[in-house]
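Think of it as A, B, C and D in the order they're written, each chain with its own count starting at 1.
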Amino acid sequence: MFKPLNKTLNFSILMLFTLLPLLAGLGYAIAYSFGLVGVLNKGFTLENWKILFSTSEVYISVLYTSWLAFASLSICIFISLAVVLAFPKKFKSGIFSYLVYMPLAFPSIVAAFFFFQFLSNAGILARLCHQLGIINQISDFPNLVNDSYHIGIISTQTFLSLPFFILLYASLYQAEKLEDYQKLAYALGASKKQTIFKISIPILLKRSLPSIIIYFIFKLGSYEVPLLLGKSSPETISVLAVRKLQKFNLLDIPQGYAIAVIYAFLVLLLLFIAFKKSKHQYEV
Amino acid sequence: MINRKKNIILLTFLFIGSIINACKQNQSNTQQDSLMTQSWEEIEQKAKGTTVVFMKYLGDKKANKHIDEYVVPTVLKRYGITLKIIPGQGNEIVNSIMTEQEAGLAEGQTDMVWINGETFYQLQQIKGLYGPFTDKLPNSKYINYEDPIIKYDFQQAINGYEAPWGKASFIGITDAARVKNIPQSMQDFEAYWKAHPGKFTIPLDFSGYTLLKSWLVEIAGGIKELDGDFSQEKYDKYAPQLWDFINKNKKYFWKNGTTFPASNVTVSQMFGSGELNFAFSFGITAIDKGIKEGLFPATSKAFVFKAGSIHNTSYLGIPYNAPNKEGALVVINFLLSPEAQIKKSDINNSGGMPVFDYQKLEKQWQDQYQALPKIKYGMSEEAIQEKAIKETHSQYMINVAADFRTQVIEKP
Amino acid sequence: MKYSIKYFILLMLALVFTLPIAILFLLSFSQKWVFPKLLPEKLTLENWTVILGDGHVISNSFVISLSIALFVAGSATILGFVLSRYIAYHPKRRLLTFLTYFPFALSPVIFAICLKYYFIKLGLIGNLYGIVLAQLIIALPYSIIFFLSFWNQKVLDYQNLVYTLGGKQKQAFLYITLPLAKSFLVICFFQCFLISWFEYGLTSIIGYGKISTLTIHVFQFINEANIFYAALSCCLLILPPVILLWFNKRFIIQQKG
Amino acid sequence: MFLEVKNISKKFKSQQVLKEICFDVDAHQTLSVLGKSGCGKSTLLKIIAGIETADGGMVNLQGQNVLALPAQERKIVYLFQEALLFPNMNVFENIAFGLKIRNTEKHIIKTKVKDMLSQLELDGFDKKMPHELSGGQKQRVAFGRALILNPPLILLDEPFSSLDVETRSNMQQLYKKIAKEYQITALFVTHDLKEALLMGDKICYMENGVLEVYKDKQSFIRSEKTGVQNEINFWNNL
C-alpha cells in the first residue's frame, strides 16, 4: 500500500477488472450470436444476424434510444445553462447548494416509480387537475407515461441528470473565469444577449463536451426508466436485449446477444469520440 | 511489457475457448439415479435441515403473503426445511436452467420451479427437468393423473416430470355498473370498443396471450380445430385474421393501442381505478379477492369469452441439476397435500381450484373443503366447468406472443 | 417584477428537488388512496412498523444492501486509489484510461447478461461474493477514473519533496499523500457506495433473486402493484444517500475553508 | 571538489534532453544555471536530487557517487518552483517536517524551528496555515523547511519566478544573507539573466541540453549566447 504495488500485480488487477470482463463478456456474446455456444445452437451460423438485420426492430431501437438520450440531455443542458447563468452563485453555498444534490440520492428505479405515480393518468398530477376542475375523469388527462411522446422517460432522465449538469456548469463557470470574460465582453461593447450566446454558452458547451458524450453513453444504456415508463414499442436497446434474452421464444436468445454486441460497439465508438475530443481531460 | 499484454490477451481468448469447448460436451442425461430407490422416509430424513430454493412468479400480493405466512413456516416446522422463495417466471426459469446447462454445472441454483405450458415445453426441449418423480410422492394418491386437465400440460403429457399445484380457468372481469351488456364474442367486443373507446387493453403477459388464444379458438370455430399437436398450417390460416381484427380496432384501445401494459397486475389496478372496464384472471376466486382487498368495485362480475374458458393446470417441477432434490420432493409433496391445497384455495389466500380429486379425499378433508367461504361475486366452479375448454399446444402461445409484437405492437 | 420571476424560477427548482422526496414519504405513510382524492384517506405508521418489525424481509434487505454497498465502496475506493496511480504515471496512460472507461460506460444489465455465464461457471451466482465482484466490476473503473484527476504532477512533486527531505515512502504516503487525498477518498467512497446501493439490473441477474437487495424489493413491490410498500422501500433507499450527502457536503465545504 | 557532475545524459522518448553534462561546484558556493524554459535545467536538478533517473554519467557529492542512492539518502534538498507547502500543516509543522520524520526530540525541534522562523523574519507566523501566507512568505517557509536539515547541497529550481519584482529582490537579498550564514552550497536555476548574475558565485549557461560553464563572471558577460551583450547594448542605446 505505501509502496506503489508491483507493476505486474497492478497491471493484472487492472486487466482483471477491465479488459478481462470485457473480452470475456463480448467474446461470449459474439460466440452466442454466431451459434458457437448455447444449448440450442448447432454450430456456426449467420442466421441470427440476418434475422436481426432483416427486421427494422434493431435500427428503430438504436435510433429511439439515441433520441431519448439526446432529448433528455438537451433539455437538461438547456435548463442547467439557464439556471447557472441566471444564478451563478446560488449553487456554491446556501440551501440550493444542498438541494441541488437531492436527485443524486435517487436510483433510477425510484425516480421512475415516482414519476409514474406523479404523471400517470390516475397519478398525483391528474388528481390535482381533477380537484382544480381541469379534468372530469381519468381519460381526460393526457398520457404522460407509457406515452407516444416519451414525456415520462424524458422527464425522469432530465430529473436524474439535472444535478450533474448544474454542478458541472456552476464549477466550470468559476474554473473558466466566465465572469471575467463576460466583463471583457461588456467592455468591448457586447450586449447582454450577445455575451450569453457568443461567449458564455459556447465556452461552457465546449468545455463540457466530453462529459456530455459520456453522459450520452450512460443514457444509452439506461434500463429501469424505459422499462417502467416506456411504451411496448419501440424499446430501448437494453430493454430490447433483455426481452430477447428472457422472454418467450428461446430461439431469440442469440439475437439478444447480437444486440448486446451491437450496443457494445456503439459504446466503444462513442467513447473513442469522447476521447478524441478531450486531449488532456479525463474527468467526467 | 507489450509482450506481457499480448500474453494476457492470448490467455483470455484461450480461457473463452476452453469454456466454449466445455459447453460442447454432452449434457448429463442420467436422470434416474439412486434418489428414486430410497424410501419416502429416507427422503424426508435426508431433507431435514436443508434449504430448498423455490423459484416462482411473485406477481400476486395475496398469494405471496400466503406462501410467506403459511407455507414457509409450516414446512420449516414439520420437515425442518428452510424454504427460500426467489422471483422468476416463464422464460426466466428456462433461461436460468439453460445457462447453467451451458456452463456444465452439476449443481444449479434452484430446487423447484412453478411452471406450466410453454415453460414446461421448453424445459423438456432442453432436458432441463428432473423426473419422473410424481409416483414417489405419497400425496399423489389424492390426484387423478388420468384427468386430461392434469395429464396434459398444454397438450403435452407431463409423464411425471411435474406435479400439479393449482388449476386455473381463464375468465374476464368487468364491472356490471359500468358495462350493462357484457360482450362475449369478438363481434360484441368490436361494437363495445367503438362505443366506449379507451376502456380495454391486453396485458403483455400470459393473461393477455391467453386472451389472444381464446380469440384464436373463436376464429377457428372451436377448440376441436386447434386440439392436438401444433399445426403451422392452421396457425397460418387463423392468426392473420386475429391480427387484422386487433389492428383494425386497436385505435379504440387504452392509449389508442399505442402501448400495452406489461402485466395483468397493472390492468387489474387500472380496472379498479376505473381507467379500464375489463381485466382478466386465471382464478375463479379473483373477483372475491379483489373486492375484499378493496381493489375492485362490489359490482364486479366474471364472464367467459365466447370460445369458452381456457383451463389449465400449473405445476411444480424440479430442475435436472437441483442440488436438493430430496428437499424439493418433500416440499412438493406437502404442497400437494389436501391440507395445503385447501388452504391455498381459500379466497383469503391464493384462491383458485385445488388439484385433488374430491372423491379420493378422506371425509375430514372433504368437510374442510366444503367449509371454505363460498364465492359470492364471481362464477361458481360448476358454471365455469361447463364452459371449460382445453389449452392449445404451447407452440401457439409462443407464436402468439412473438407475433403479437411483430404484427400488432410494432405496426403503427 | 424582474426579481419575482427569478424567485419564481428558484422556487420551482426547489420544488423539483424536494417534491419527489416529500411525495414518496407521504405515500409510504398512506394506505387507501383512490382516484380522485388528492390526499390519502388514511395516514398511518402501520406500513413502517410492519416493515421495520422483527425479521421482516425489508429490514433484512436493508442490512444486506448496506453491507454490500459498504464493502464494495470500501474496496473499490482503496483499489481504485492504488490502480489509478499506476495508470496516471504510466506511459500508456490514455490507452489504459480508455480501457477503464469501457466497463464503466457499458450498461450494467447488458454487461451482466454477457458475464452471467462465467459467474455461473465460477459458482458466483446467487451469492454475496458474486454480487460484490459484479458490482466491483462497475464501481472500480469509476473509482479509478475518479482518482485519475488526483494524481497530477503536483502530488508527484509533493512526494518527491518529501523524499528529498529524507522521508520514506511510508512517511510520504501517511503524512502527505493521504491527507491530500482525503476529500477525494471520501467523495469516491460516497459515489461508489451509491453505485452499489442503486444497482438493480446487474444485481438481479447475478444475484439470481437469492440476494434480495432493497432495489430488488422495490421492483418486486412495483410488480405486484403494492405502491405503498414500494414507496416505503424507495424511502429506505433514499434516506442513507440523503444523510450521507449532508455530511459529505459539509465535508467538502470544510475542505475548501 | 564538493560536487562533481560528469557526463550526465537523459533521453525522453526520442528527445535528448541532457547531453553529457559536466560541471563542478566548490563547497559554500552557489552556481547559477541560466537557461530558457525547457532547456533541461529542471531535469538536471531532478537527476541530481534523485527524483529522476539518468541514462548515464556520475554525480559525486563529497567524493561519493550518489546516483545509485535513492533520493532519501542523498541528503540533497530540492526546492521546487512552487513553494509546495504541505496544505494540511501549519508553518511550524511544515518547517519541522524533516526533523519530525527523523524522530528528532520535541524540544530540539521547537528551538530549531523558532530560530529558523526568526532567521526568515517569520516570527509569530508559526500557527498560520499555508493558504494564509503571501507568495514570498510561502517561499521563505519552503526555504526554512530545507535549511533546517542542514543539507550539504540545496537545489533551487527558479524559486522566485512567480513572485513580484519587489518581493523577488527582497528574497534574493534574504537568500544571499542566509547562504552566507549557513555556508550553503547550492545550484540556482533561473531564466533571469540578472538573477543568475546576482545569485551565483559562478555561472553556467544551458541550451538544448548542453551546459557551458564559465570560469568567471567576466567570461560569462563577454559570451555571445548568454544575451548579456544584447542587454548592455540595449541600455547603452537608450
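The rule we apply is simple: contacts are C-beta pairs under 8 Å (C-beta built on N, C-alpha and C of every residue); 3 or more make two chains touch, one makes a residue touch a chain.
Nothing here was measured: the structure is a model prediction, and the numbers come from that model.
Participant: What shortest step count links chain B and chain D in the network of chain contacts?
Facilitator: 2
Participant: Tell me, which chains sit next to both chain C and chain D?
Facilitator: Intersection of chain C and chain D contact lists gives nothing.
Participant: Just grab the chain with the largest centre-to-centre distance to chain B, centres being mean Cα coordinates.
Facilitator: Result for the farthest chain: D.
Participant: Which chain wins if you rank chains by how close their C-alpha centre is to the centre of all protein C-alpha atoms?
Facilitator: Going by the distance between chain centres and the overall C-alpha centre, it is C.
Participant: I need the chain pair with the most C-beta contacts, please.
Facilitator: A-C
Participant: What is the distance, in whole Å, between the centres of chain A and chain D, each centre taken as the mean of its C-alpha atoms?
Facilitator: Taking the average C-alpha coordinate of chain A and of chain D, the gap between them is 51 Å.
Participant: Could you work out how far the Cα centre of chain A sits from that of chain C, in whole Å?
Facilitator: 17
Participant: Just give me the whole-number Å value for how far the CA centre of chain A lies from that of chain B.
Facilitator: Roughly 36 Å, centre to centre.
Participant: If a residue has to touch 2 or more other chains to count, which residues of chain B qualify?
Facilitator: Where chain B meets two or more other chains at a single residue, that happens at 19, 102, 273-274.
Participant: Where in chain D do residues touch at least two different other chains?
Facilitator: none
Participant: Two or more other chains in contact with one residue: find those residues in chain A.
Facilitator: Those would be 11, 19, 24, 28, 122, 138, 245.
Participant: Which chains touch which?
Facilitator: Every pair of chains meeting the touch criterion: A-B, A-C, B-C, C-D.
Participant: Which residues of chain D touch chain C in the complex?
Facilitator: 46, 49-51, 70-72, 74-78, 80, 82, 84, 86-88, 97-98, 101-102, 145-146, 149
Participant: Could you please specify the touching residues of chain C with respect to chain B in the complex?
Facilitator: The touching residues are 32, 34-35, 116-118, 120-121, 125-126, 208-210, 220, 223-226.
Participant: Please output the residues of chain A touching chain C within their complex, sorted ascending.
Facilitator: 1-5, 7, 10-11, 13-14, 17-19, 21-22, 24-26, 28-29, 83, 86-87, 90, 93, 95-111, 113-114, 117-118, 122, 124, 126-128, 130-131, 138, 159, 162, 214, 217-218, 220-224, 228, 237-238, 241-242, 245, 256-257, 260, 263-264, 267-268, 270-272, 275, 282-284
Participant: Quick one: which bits of chain B touch chain A in the complex? Just the residue numbers, please.
Facilitator: 4-5, 8-9, 12-13, 15-16, 19-20, 23, 27, 90-92, 94-95, 98, 101-102, 118, 122, 125-126, 198, 204, 255, 258-262, 270, 273-275, 397-398, 401-402, 405-406, 409-410
Participant: Help me check something: in the complex, which residues belonging to chain A touch chain B?
Facilitator: The touching residues are 8, 11-12, 15, 19-20, 23-24, 27-28, 31, 36-40, 55, 57, 121-122, 137-139, 143, 146-148, 231-234, 245-250, 252-253.
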